[in-house]
Amino acid sequence: MNPLWALVPPLAVIPFILLLGEKRKNWREVSILVAGVALFLINKSIYNDLMAGGTPQSGEIGLLADYTLKLSAEPMGVMFGLLASFLWVVTTVYSIGYMRGHHEINQTRFYTCFAIALAAVMGAAYADNLLTLFVAYEVITISTFPLVTHAGGVDAKKAGRVYLGILMTTSIGFLLPAIVWTATVGSSLDFVPGGVLADSGLSNGAMACLLGLFVFGIAKAGIMPFHRWLPAAMVAPTPVSALLHAVAVVKTGVFSLLKIVTYTFGIDTVVGSGAAQWFLPVAAFTVIVSSIVAFTKDNLKARLAYSTISQLSYIVMAALLATVMSVSGGVLHIVMHAFGKITLFFCAGAILVALHKSEISKLDGIGRRMPITMGAFFIGAVSIIGLPPAGGVWSKLLIAGGSLDTGTIIWASVLMLSTLLNIAYLLPIPLRAFFKPDPSLAPGEKATLQEAPPACLWAIVLTAFTCLLLFVYPQPLTELIGLIQWR
Amino acid sequence: MTQLIGLYSYWVVIVLMMAGLYIMIARYNLVKKVIGLGLFQTSIFYLYITMGKVEGGTAPILVEGKELVYSNPLPHVLILTAIVVGVATSAVALALIVRIHETYGSIEEDEIKDIEAMEPDA
Amino acid sequence: MTEQLPALQILITMLAAPVCVLVRHAKVSWAIAFGANVFAFWVAWQLLLQVQDTGAIRYALGGWAAPTGIEYYIDTVNAAIVMLVAGISSVVLLYAYSSVSKAIPKAKHYLFYAAWLLCVTGLMGIVITGDAFNVFVFLEVSSLATYMLISFGDDRRALTASFRYLILGSVGASFILIGIGFLYAATGTLNMIDLAERIPDSQSQRAVLVAFSFITIGVLIKAAVFPLHAWLPNAYTYAPVAVTAFLAGTATKVSLYVLLRFFFSVFGEDYSFGQLFLNGILLPAAIGGFLLMSLVAVFQTDLRRMLAYSSVAQIGYIVAGFSMASQAGLAAGIVHIVNHALIKASLFMAVGCIIYRVGHAHIPSLDNLFKRMPFTCVAFMLSGAGLIGIPLTVGFVSKFTLIGAAMDEGWWLLAALILISSLLAVIYIGRVVEIMLFRQSREGGQASTGMAEAPLSMLIPMYALVIVALYFGIYGSETLGVANEAALQLLGGFK
Amino acid sequence: MKLYPRQRHRVLQVVTKLLVPFVLMVGLYVQFHGDYGPGGGFQAGVIFGSAFILYGLIFGLQRTREILAPRVLHVMMSLGVLLYAGTGAVTMLLGGNLLDYDALAHDPLHGQHWGLFAIELGVGVTVSAVMISLFYNFASKR
Amino acid sequence: METLVVAVLLTFLVVIAIGIIVLRDLLGAVILLGVYSLVAAGAFVVMDAVDVAFTEAAVGSGISTILFLGALSFTSHKQKPRGHDSVAALVFVVITGGVLIYGTLDMPYYGSAESPAQTHPELAVRFIEESGSEVGPPNIVTSVLGSYRGYDTLGETLVVFAAGIAVLSILGLKRRRPEDEVLEDAPGDTARGASDNQQAYKE
């Protein structure tokens, strides 16, 4: 199937959203769900095509004289597309419950921007060349800006400034010149196995500069010091945070980086030129420091945000290590982390809707009021930490294994250290919820069940279940990764 | 020395042009600026006409049956056009000055700037 | 018929101007002006197709073959620019109908449209002529009409802005006149093709050099290239907004075209850039323009003035493209001429809509405007995104090509500076967008009184331009293709 | 322009009345004799205009306007341009290029003659009308 | 002889130009500008440009002087004593002039018959030799103006037209009230006139 179809459902649903509006919100949400399911099916069909040995691709649009906009499916993109479309459905289900439960305003605008962002994510997933990827990347930035500033207050405005400021500055200041440079020295901007820069004649130093422009230019990957936008975006409603932090924005960042390393530089070029050596320490630094910062945050969403920064840098490291195993692990980690983190955010939102609490220190004993939510939280946390029986363990193993290929154990030990920190800042939350006494209850009083709206709950259960499923049955993903052409 | 004689008129004309330009730049009075513009342009006309002159020539009006040397008519034509353009520009400039004086009560550039500096943004 | 197209290009709008004065009726003269412009646009389109098909067209006026007579010389470069001028003029005229009816006393409408027609005629005349002196004549036609159009502004500062432009513009025109005079003395001809042939052999190379520098400075003033831009901010701020939209899209662009024509066709690339090292002058002007003027734009409180400074900055980009004197650089400059014209015209049209409803364009007082005028604000944002150079807008196409061209030349610093100035654009556009989207916390902001959009007759033309811009932002190869072709022709000299 | 018509001078009035027709005559001469001597449409227009300006200066704007209404001037200045550009259009209709007067008659020289006549007339009409109009505008503003 | 006359006239022009710069009385400067045009016109006659001389005399010293006087009658006659010793302007002007003089150093000398302008076979030479048979009128300037470069003259007419409507729109076209018409013939009452204008502007 032509990957262009993947853009159709999210774009086609926009007129419906606008027309149906606030007055017929049920129909509006039904139409979004229909679009989501359609999108997932389209991605599934692209997946089938790919597995059957086809190379689905679209026609091209001449954006610039020699460079075109074109979509095509390759394993990483299909995986990302499947992930994003699946989570769109789930997030929509969740946000139906959340947005109503939380009485949010301007829901029409919210869903519209959401749909545009999704279309752009599809564009990024199936981008056939750097130019297309860049276009999609920028559209995501802009279409998610109104989501971040959704609340409309002074805080939201400030956060919006930081969000747009960092993402735009880096993408215009670093990413764009990197792409133009690539176009100048490489023969094309296309993504080709083995990379186009392999025989560009760039010196090792220049190669390192170029790679650096990409690494820092893609601030969506959250590498320090350009990570500030992510915690700032916390003012957004929880479904947005879930979307931003689990699917659309951050994953586009690391996904882009993985693709660029694999198909623009070529993993051999990255290793051969030694370019990555300059940036691996930065990624490692980010992993550790953001874990420590997460530890200090009492606000649940802020803690999750810093956790995300840390986890993203795993993938950045995976990309920079540039071995087959590590990059495979990075690709897999996109999925694993997505399911884990979205579960956690859903839970955070559910707690906010049901109990109006957002600080970790106030969560004592809520496990008895919201057992399902907190149970799911536990599973998500386990997956993020990378312990069995959740899927996160596979990707972490792959990345760690890949890092050993480089002949040093530094990077592996960074991962291990961060795992310990993960345990330290994530596990206490469910433990607190289940085992500490609830201070609002008189001694001996039984806690009443106060779960979030059912729509939220369904979504939470689904994602938590997937985390577990991916532990026992990761084969479809590994098969897909096996199709990646490395050289 | 030949150069001095041959180019003397160009140089004087250039000095005249610069006199006009100087008035346009250095004088704050709007009318004076337009006067400077007139001076500047008239001097440019002079430059062109100088270029068309041929030693011992006559005005480019054909006289039947005589072999005469004629001065180059083309600069004349160009300058006829330029004169018209010049007076048209002056007319518009003066009209603007009249209105400026009417609304600002001044035709001195610095005074007008002071007045404008006090006004809020549009 | 087709061989008479070049003459029709000028003649119809030229005839329409006096007809407007004859009918003295606001609506009828608007209709005449609009019809004439649309026709001119159609002719320009046909000409572009014809030029791409058959190569450059030479049209001898009065039947006197050049260099004896005056001729039109039309190749891809100027066919594209004429089309741009006629197109922008048509769309903005459509828009002007409502915009002007509120801003200008009705009794003067017919004069306004007549002046507009004269201005368009002058601009198109400058572009398609192949005669150096004729450039001067039509430059003055358009200039006089422009002074008049600016003076229509309802603020009294429009008068001084117009006067200042008149003085500076006359200095520029006089410089051009002097330059042409020196060229004539050195070569004996006025026809551009003939000039190009005779300049290298001229005995008076010093005169040629002076001619070159005077023409350059004269045109730079007209094109408002930094630091010769002093006339532009006030003129754009106080002229009626429709006029500003029109001028921003056409007048400076035409001057930039003249620059190209003289640099590359008449004097030749070898002379301008090889012998004279012209980029030593152009490059600092360009960089100073896009950096300093973007910075100045950030601190403006009047939306029109902010956009005016941004115009000077964007002209800097164009000149930066020219200064590379490479095919890629020229193509980037030319494509940005078109793209910036589209963006700026639609931005000023959006400002016009705001002024139409709100009565002013004071940025801090536009808070929460999105609620009242969502369509206008969306148009503003889309065009503003183009100014920044966000992908899928035309601005991206030009910026990408420009940076690519700079890197091709190995001018890394220039590429970096261009990027920095794009970031400044993010700030000055972002600031306005933020104010439009959010309510200020202070008292006395816009009361949130339902929707109050500008009339459809203003919105439709504005969106027409926005959509065209989006189209060329996505199918950028179409404009780039023409620009590349034009750049090749310019570098190849007259054929 | 400040005019002081009440303090008019009888001698000036008489002289002007005598002079104006002659000036007009000179204008016409320059207009139609431009082919042979110096002068042409533009100069003729200026002279023609100056006759009215002289009249206006002496007899006051009001009376001059009664003779030649501003409205008429607008028509004249437009017609002049139309005549000129229209000549160009006619040459195109007759198969020549814009302003190729050869197309106006069978004999190119005759064509040139007619063409020059028409365009000089156009210039003259426009210029005289504009000159008088300029005078009106500056004079009526006080 | 001709050269001598031209030199004398040029010297006159310089004197007048200095007078214009120095004179603070605008009326005087305007008159001097008129004289300047007249002297220039005289020089044009000597340099065989009779048509130009005719026009310059009529326009430069006639029409434009009248326009200036018209404008001055509303404004003050004195230029305020400011904006004088502008060093920057002086430097700019001197440099510009220096560049121009540099440019003339290898120009054809005054009156040279061999200069490119005089010998271009398709322009100057053709105009002089062929215009009689190609266009007709003995006055070559008329032929060139009307026919060879008729398109320029069309542009020139447009400029005049543009100036006409520009001045019309800037100054004229006000809705006049009856009392204005009466005032027209009264000796200028400036105070009243000014207030009228203010009102008219507001309209």
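By letter and in written order, the chains are A, B, C, D and E; residue numbering begins at 1 in each of them.
The rule we apply is simple: contacts are C-beta pairs under 8 Å (C-beta built on N, C-alpha and C of every residue); 3 or more make two chains touch, one makes a residue touch a chain.
Please read all numbers here as calculations on a predicted model, not as lab measurements.
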Chain groups still in contact once subunit C is set aside, others held in place: A | B, D, E
Contact distance in steps, from subunit A to subunit E: 2
Separation of subunit D from subunit B in steps, with touching chains one step apart: 1
Longest centre-to-centre distance from subunit A, chain (CA-based): D
Comparison of D-E and B-E (more C-beta pairs in contact): B-E
Geometric centre distance via CA averages, subunit D-subunit A, whole Å: 79
Computed distance of Cα centres, subunit C from subunit A, in Å: 44
Length of the line joining the C-alpha centres of subunit A and subunit B, rounded to whole Å: 69
Euclidean distance of C-alpha centroids - subunit C vs subunit E, Å: 30
Sequence positions of subunit E contacting 2 or more other chains: 50-51, 55, 59, 63, 67, 70-71, 74, 100, 104-105, 107-108, 115, 117-118, 123-124, 127, 138-139, 141, 145, 147, 149-156, 158-163, 165-168, 170-171, 197
Contacts with 2+ other chains: residues of subunit C: 14, 17-18, 21, 61-62, 133, 137, 140, 144, 147-148, 151, 178, 184-185, 190
Residue numbers of subunit D (touch at least two other chains): 36-38, 42, 74, 77-78, 81, 85, 88, 98-99, 101, 127, 134, 137-138, 141
Every chain pair in contact, whichever chains are involved: A-C, B-C, B-D, B-E, C-D, C-E, D-E
Complex interface listing, subunit C residues touching subunit A: 331, 385, 388-392, 397, 399-401, 403-404, 407-408, 415-416, 419-420, 422-423, 426, 430, 434, 437-439, 441, 474-478, 480-481, 484
Subunit B contact footprint on subunit C (complex, rising order): 133, 136-137, 140, 143-144, 147-148, 151, 155-157, 159-160, 162-163, 166-167, 170-171, 173-174, 177-178, 181, 184-185, 190, 237-238, 301-302, 304-305, 360-362
Complex contacts: residues of subunit E adjacent to subunit C: 99-100, 102-108, 115-120, 122-124, 126-127, 147-152, 154-156, 158-159, 161-163, 165-166, 168-170, 173, 175, 203
Subunit D partner contacts - residues on subunit E that touch it in the complex: 50-51, 53-55, 58-59, 62-63, 66-67, 69-71, 73-74, 133-139, 141-143, 145-147, 150-151, 153-154, 156-158, 160-161, 163-165, 167-168, 171-172, 181, 183-188, 190, 193, 196-197
Residue ranges of subunit D in contact with subunit B within the complex: 36-38, 42, 127, 134, 137-138, 141
